[in-house]
């Protein structure tokens, strides 16, 4: 647009000295290999080695035969790739008289994990919602006790819970285990949900109340649809926790519903002669696969959810 | 007829008494603005009326019913929030329909009401959009629509415009005013923007620390503030205050240092006139230059800062060592450093007792 | 002497060109305001000057030095942010001292500077407090103080007042103005509030989409906007625009439907006057009632809404089916529904070409 | 009827032995549902106990002989198997009778003993001694003397797993063989603290200290890994109960040619008569009760006993069966048993609590060379004094 | 419509009903279980809980037990190191990730994935990597450096640091993500202000940013601390408390005495001591969280 600026600019430009015009111009020069970049990426790469090493060793070892392992270097890639350890870990490894490997426990783990995750998240999200938005008298007290529960070593609660489950008539059943997982997942999940719902603008909640929505109406129609990130976080934490659990799975159920980790423990701890490291590693990877996949698939949402729910301690 | 009536309302947060035995009656179809500084309890009062806060003591009547313990949705109120509070995952239509669905209204009735509200607010083309896809002004309209469809007696607004920029604010202000003229519902409107209060209100309630200081028409509040606080709060730039003493009885005058302002034309509200007092005059009631000489009182001041604001110019001067502001035309040639003659009519002033701060 | 000088500054975020070959010279001691709507690139420009963003092309000179590649701290600038950006866990004193300590300034010098800045900004009693214990205005003052102690040539302000409420904003505005009068530093001030721009600026640069539309004194910008955009942007309530056609050459007139506005007194900036044009007149340049008859042009309008705003009253009327605003005295007795005579002097108007939107 | 049986026999020899039980039980028309828990008694016991307390017990479970199940019996949670015992005439066949005594409380029998395990064995690798150029020792003293030669040959003289019970087991063996069974019975059975502090024990501690230096560098956890060191000739020998025998068998080694076993460490012909027993929780289900009776009876049947014990490497609990298929070591054990040179197992004298304390003491002692024998003895005396 | 003031109990009744699971858990399980544990810690329960009270005997024995003292020492060492290292590593990594780097997602995934694995797995893998005959030591030795010595799991003096390596490996990813989220929440103008003030980057972090991340640090502190107190699986899988009792921890002591030693009373006494320690941590936290500020 033709306007007075261009005039004033030319006038000023004439006034400036030539030296000025010859100075630096444009973007600051950047080198790809600056000390800063070397430091950042160097550190990160180094750290990555530390984090990846075990995974690498696990995978490599699980693909080797026993003779190769005995001879060699654990970091060396397998000379002869064999999937036998995987097959053995999955299908034929023995514990006592059962030689079905991990396969026996896989579906049990699924059957335990799914309801546990669903129930614990359902309860914890309602708790968090009630604590954040419907603060009734004593809510803070119960919440503090709940958080206190996060610190109690599981072993301490083993017997009281046995008694509790017995009184409820749930001992030994799948539902008993689901209940236990829900109870022990509750502190940290409730904390997450409470923090998240606290960050939802209170006015939204008020608007819904004026619109005549009740406790459940607001929960299902307003809060739930808004809280995907935190649900993902809760899900990952809970899937990881439940799937990896050994103690509750073995104490509160019986052999026909033992989860995979019990099987893993049996395989790893039933040493027959020498330790079959390759089978152990294969079994370990197989057992960890489900949480790993869940995590890889939803990792981004996890980070987002953490930002939304956990940071506002 | 009284539409909303509040009796001895007290509200405490723990030991903090936010509202103190407050009484308020609002007529049907009235536009009442609650005005006050941040933290004075405006939102709290509104939330009490809406039923979103449990009150500690007192009663609330809406449309003649005691609703003190009713649910918010049963009170016949609609509420519009500062941050819009639209349900983010629902379309505009869903937002409007949510309250109606909760009340189990038949589908066709819901559709009818939404169509009507959308028409009134001119948001028909937006019905299928999500709130995130709307501009600030559009969101605000949807938020109003949500109250509108529910066909409530009383509209409650909590600073509905303060998240918008100045231009949009001015436009939506007029729209709300038009809406009120059309619908004639009772409206209670919280703001801390006095322009909004002055332009919208039938009556303004000025609050401070949970107590209503003055409840009156904008004109009265602006021109006859009952106390120093209200006088200082209203008007931007604020009223000029001069501390001094009143002397004489019938033909009283206000003395400060060397200056004497005659108070003969001042309509005293009270007969007792103690010594120490504060004299207040609004910047726009001060004339300057030639016009000043025609006023009952005039004096010379030195100009410190000149603020041209487009339509008019605000001048910051020094009178008797104290800051003194006055407003002149936008094209005024006044300059910082100049000395200029100003004058005003004490009849337009407000005089307050220095101790009680009440209007004399 | 030129204090800040920007040559062909281009800045891209990826493929988005936010600043487009921008040139700007700011004199020493000048108060320049960058004004524009949200997202037009004001903050980006300021950040480039401060060295917080790496520019894509062009040069930046401050105090005669080419600082295009210098670190922010070496440029002799101080910056004040909208969100204050105080270091929350340091006391006010710590906030002020932190930069100086880093520059290894002797202790007593630091103390001296802090004392002086605290005095200038009247924050002496606050020095030991934490930012969380300060009010908005106080925080803003500390933020200014942080630039002040560093004794820089150029102050950069990025919307320093927009987080404050209206009253405080008005007060701090004056304080900044006074500060500038006292310190006489170069100041570059970003805002989207035109009152701030008008009151503070020596010159205003109006930006839009990364391009400076007009760079001139507030008076010129307000009264002689170079294009329709600037005209519409400045002024609240905005200028009334009427679309129509210019007829005649010497004694031209502006025609819209039945109405004819004589343009004889209008100081045309250009000789070519195409047919379709837009006529703009500011609400405060419109008189009403008896005064209207004395204006070169007058007509009747119907009043729709009356907005009393204390000192004056804004009237929304209908002229030829279009909204038409004008401003009258605060005590005006006008009422909605009334028909009233209005008039104005076309010399005070602005006329734009309908196609290019440039001033005629 | 399905009967769930919990046990912690998961190593190679053990699992093969259990399979014999399962086969025999399945042959009766019932079904053995295997509830193996790897990781030993420490892992399995809480599971057993909590399931019983929780009201959902398994059909049968394996415990060590001794005081482990005492409280469960007192609480009435375990079945009284006296009827089965009488029907099957256990009183007459179980040998030594002390085994049944351990199952008996107030004259009622609560468990079915299935085997006899003795701790007092040392297993020596012929290959290792050959490599070191030393003759295979015939007693602990010779073995201890050969320690240096073995070490010089790059062979781990004594294999010792890191699990705590192995350390205390080793010590108890030294105590029983060097100081004699009477001392052990007096100290553990009668809490004779003075004896524990006495010079005889000091000698035992000194021997333990020698064993400690021989075991240094044995970086394995599980007992059978340690046994494996002996089997593969990487270690000279291991002091371990007769269950180690099973591992040699699974590895296809023959006693006398590949390895040598010395009962009582070659110092004193004595074996303890601990062992495993099966317990049967009270379950309110007639079918299961019946199946429990059948299982109990099956476990003690001669054929079952033979098949099981051959695989497990332990001694049968009845003297009236033909074990001609047994290998030399087992026969030696049988011989000692027949001579009546037996002593009670530590488990029968100590509560698990005391064992646990001993475990703590000795695992530390054997892994930490800085603890002097004297200091260890002091702590030992303390434990003995406070034991219940 | 109601004009009487309704019973307080019935206000928001649904919310209260919905909170019943939480209340039951808190009161019955956590409070009830804790109380039960504390009560029975004064008895001489063996295999089964029995109400035969013996006063403070169990506690006297507890503190007279060598292993308990070692456990406590280990927990202290592990706890302090793990706390400091987790926070430092987590923060440094987060700070690096916050530098607008390329491949951020990849790096983040790499650092966070161990979090998805159980302690059992972590323990096994690291036990193996640290095994002197198979793992790092043998690899380095076979590469030529014969005198290289790195066998933390078999050296009683440093075994706890071997556990630490694994613990950090598993836990620091989550801390990093938390810190990163916190860093991302910091107002950008703070960084700008610091640059204009000429403050070096490291000083900006140390004096300005870290103090601003207080809430994040509190959250992570709670997380890490609760993990430390519960440390059990990792030890069992990696060292079984060995060599000797060099890597014993309180939670394992509790477990071993309750189930292996069949001395519930002793186990309960140890648990009670642990709970006491937890209370010392959690009470100040609860005070910070709920004491001063209210929502508003």
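In this document, chain identifiers A, B, C, D and E correspond to the written order of the chains, with residue numbering beginning at 1 in each.
Convention: a residue touches a chain if its C-beta (ideal position, glycine included) is under 8 Å from a C-beta of that chain, and two chains touch if they have at least 3 such contacts.
Since we're looking at a predicted model, the values are computed, not measured.
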*Specify the chain pair with the maximum number of C-beta contact pairs.*
A-E
_Using only Cα atoms to place each chain's centre, name the chain farthest from subunit B._
D
_Cα-centroid distance, subunit B relative to subunit C, in whole angstrom_ = 26
*Length of the line joining the C-alpha centres of subunit B and subunit E, rounded to whole Å*: 54
*asked:* So the centre of each chain is just the mean of its C-alpha atoms; given that, what is the distance between subunit A and subunit B in Å?
replied: 52
*For subunit D paired with subunit E, centre-to-centre distance based on mean C-alpha positions, whole Å*: 38
*Multi-chain contacts in subunit C: which residues touch at least two other chains?*
none
*Multi-chain contact residues (two or more partners), subunit A*: 158-159, 265, 268
_Residues within subunit D bordering two or more other chains_ = 46, 53
*In the complex with subunit D, residue positions of subunit E that touch it*: 46-48, 61, 65-67, 131-133, 151, 154, 156, 240-246, 255-263, 266
_Can you tell me which positions in subunit B touch subunit A when the two form their complex?_
47, 50-52, 71-74, 77-79, 81-83, 85-89, 98-99, 102-103, 146, 150, 158
*Of all residues in subunit A, which touch subunit C in the complex?*
1-6, 8-9, 12-13, 15-16, 20-21, 23-29
*Mind pulling up the subunit A residues that touch subunit D in the complex?*
94-98, 158-159, 162-163, 165-166, 171-172, 250-252, 254-256, 262, 265-275
*Which residues of subunit D touch subunit E in the complex?*
41-42, 45-46, 49, 53, 68, 70-72, 75, 162-164, 219, 221, 351-353, 355-357, 360-361, 363-368, 379, 386
